[in-house]
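Next come two complexes, and both contain chain A; in the first it sits with chain B, in the second with chain C.
Up next is the complex of A and B:
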């Protein structure tokens, strides 16, 4: 299979600008069309190991990112993103092109792929079993996810936990992990010994502060067709100086908190309730407070050792 | 500027659904993009399901259709719930609850309701009861959305509906109509006749929809009096489904002809029958000709309208546009406004919307700014 790495940076840029590329992330194919060099840089760096399909292949989503043909092409240059011709977000400064693509890809899945029960949560796998980390922004979910993804767990997704209706298994969509503000430097030093941990140059966005992306491990990308059974649901909370504390949660509590983090729980109606109840019934729920990543890794290793 | 290019796939899908199983994956991709823009993708799902062909199409296309099917199922369920809420809210007012357009199709389980997605529920009430209905809805959580004094006047004095209302908790919208065309429009379909003809929805006590002939005429009026053609093809597909569904009823076509004359809606009926037949191949029996011919415009006007509508009724998608599509949509927009109000009033309205409304808005925003402690 042709991957992004097979193309030179010049070939990638030319294809993106001419017919566009069809990039596969997990089970989704996205047609991308863009003449923005910063975007091609980001794709070359972050999507190196992802399969490329011929430009005519059937794509689930079509995104274009272009500079406007107005004054804003030159004066404080902007980038516009469109979903098959329709603007999704307000234009952003040109330098935000790559984070914009990431937000756009999340939007596409979260607003369209309603076959799945979709939860706003990071999810990782070990030994065929998955741990789901649902949490609001600021709880240290992505930081913890990035650390686990490079310390023995397989990254399934940093943002989108997709539960299949037919068997309750989790469908992986491994993509770059989004890191914000202080967690960028934390992860840089934490993963300093790993040659594979590659980061984008941080971008100062008005919406979310400083944003950088960390490349998904090659193994996670290569195994993105291997689904996993949900086994643990852990609500993480980073608290400076706090001791590492894992508390079991009753199933009803876990269910309600998961529902609050779901994108399409109410859209799926009774089916959504049943799917969530089945999953919670067959998994263990916890609340986890931490301040040190090494302690967190040890706790998750213990989880993985559970029978 | 006659259209020479072949019909877009989204039109062919509803015109000759037998072609669907023969499409290549690339054609499916384009068809789904066009249908998504035309708000017809969920309808396409039900078309395939009724034909038993969901298993015969490329799996990637089926997957995208299953995604919108989830939305359509939930939407229909939400509409049934909302209609019951409205019914409960209006229990104290006299007069039946008459549903129009999408909500009527869904509630009466008509073929035009399958996969039909819409954001507001339209109801028709006796003008004399408007104050009671508005009060009852407000007491049950709906509130007016257009607070600007000019907008209030626009709706209450000139239009055929109250300013749109929205439920404070559910965010659902309701449009309360007392007629199907603005007071300022050139035609005045008598709302009393429409209400008198309304038929009960089986299994839902107190809920009514327009009689079949009136439902077709209202759908035609909505499409061919309005300037917004964004959902033109969707509305035409509605008309096609209604006509096919009611066509076999004894006396339907004769009734339609009579009713169009009574309600002064012969022209929109002409266009509805012409373009459903031409674009979607709607089968019209010989009796339909009488219903159609009364409203035929003069040949020069018709030649122009043909050229405009065969563009404006296409999905608003780059793959369906030719060099005249933008112009055609703009002309239809002008025509819609022209039909809405007499020229002087229209000029005044557009002037207010363009120059005074933004100023009022800025002034009221500045006021709120000052009010802040």
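Up next is the complex of A and C:
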């Protein structure tokens, strides 16, 4: 299968601008069309290992990122994004093109993939069992996820936990890990010994502060058709100076807290309730407070060693 | 007389027989609740009942204190749109 890495940067840019490319991320095919060089740079860097399908192939989503033909093409240049021809977000500065694509891809899945029960949570796998990390922004979820993804756990997603209705398994959709503000330097330092940890240049966004992306490990991309059984639901919270503390959470409370983090729990109605309850009944719930990544890795290693 | 809201499916789960999650198919809300509430709802699923009949079915003493606690629970369930008082009473 052709991957992004098979194309030179010039070929990738030309294809994106001409007919667009059909990029596969997990079970989703996305048609991307753009002549914005910063976007092609980001795709070349972050999506190197992802399959490419022929330009005319079926795509679940169609995204176009383009520069307007107005004065804004030159004066404080902007980028616009369209989903199936309709404007998706407000225009952003041109330098935000790659983060905008990532937000757009998240939006597409979160607003369209209702066949799954979707939880706003990072998710990783080890030995066929998945740990789900639901948490609001600022909880250190993505930082923890990035560390685990490069320390023995397989990245399934850093934002979207997709639970299949037919068997309750989690379907991977591994994409770059989004890091914000202080966590960017934390992870650069933490993963300094890894040749494979590649970051985008941080972009200063007004919406989320400083944003950078970390490439998903190649193994996670290669194994993106391998689903995993939910085994642990851990609500992480970073707290400066706090000792590493893992507390068991009763299933009913796990269910309630998980529902608050689901994108489409209400939309799925009774089916969503049953799916969530089935998952909670077969997994162990915890609250986890941490301040040091090495301590966190040790705790998650202990979880993985559970029978 | 109290009764379940017409159309309520009464879907719930527990993992310890003490704390329950209850799905209200009419409102789409999920509630965290306890065994006493589920017992009252199950009794009302069988048939509408007055508060004193519920006390008896729950094998509670008919004292002002017990009745006040049951009234408080019934008010809570009504607030969650799970039960309603019937116009007949």
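Please note the rule applied: the second predicted complex is superposed on the first by the 307 of 307 C-alpha atoms of A that agree within 3 Å, B and C clash if a C-alpha of one lies under 4 Å from a C-alpha of the other, contacts with A are read in each partner's own complex, and residues count from 1 in each chain.
The criterion applied here is as follows: a contact is a pair of C-beta atoms (placed from the backbone, for glycine too) under 8 Å apart; a residue touches a chain by one contact, two chains touch by 3 or more.
Remember, it's a predicted structure, so these values are computed and weren't measured experimentally.
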| item | value |
| --- | --- |
| Fit or clash between chain C and chain B when superposed on chain A | fit |
| Which of chain B and chain C A:62 touches, first, second, both or neither | first |
| Touched partner set for A:207, first chain B, second chain C, both or neither | neither |
| First (chain B), second (chain C), both or neither touched by A:269 | both |
| Superposition-derived angle with apex at the Cα centre of chain A and sides reaching chain B and chain C, degrees in steps of 10 | 60 |
| Which of chain B and chain C A:298 touches, first, second, both or neither | neither |
| First (chain B), second (chain C), both or neither touched by A:218 | neither |
| Touching partner for A:248 - first (chain B), second (chain C), both, neither | neither |
| Partner chain in contact with A:85 - chain B first, chain C second, else both or neither | first |
| Contacts of A:182 with chain B and chain C, given as first, second, both or neither | neither |
| Partner chain in contact with A:281 - chain B first, chain C second, else both or neither | second |
| Shortest CA-CA distance between chain B and chain C [superposed frame, angstrom] | 7 |
| Set intersection of chain A contacts, chain C complex versus chain B complex | 266, 269 |
| Complex contacts: residues of chain B adjacent to chain A | 25-26, 28-29, 33, 36-37, 58, 60-61, 63-64, 66-68, 70-71, 73-74, 77, 317-318 |
| Chain A - residues contacting chain B, complex | 29, 56, 58-60, 62, 84-85, 112-115, 264, 266-269 |
| For the chain C and chain A complex, residues of the former touching the latter | 9, 11, 13-16, 19-21, 23, 25, 28, 30, 32 |
| In the complex, chain A residues that touch chain C | 250-253, 255-256, 259, 265-266, 269-270, 273-274, 277, 280-281 |
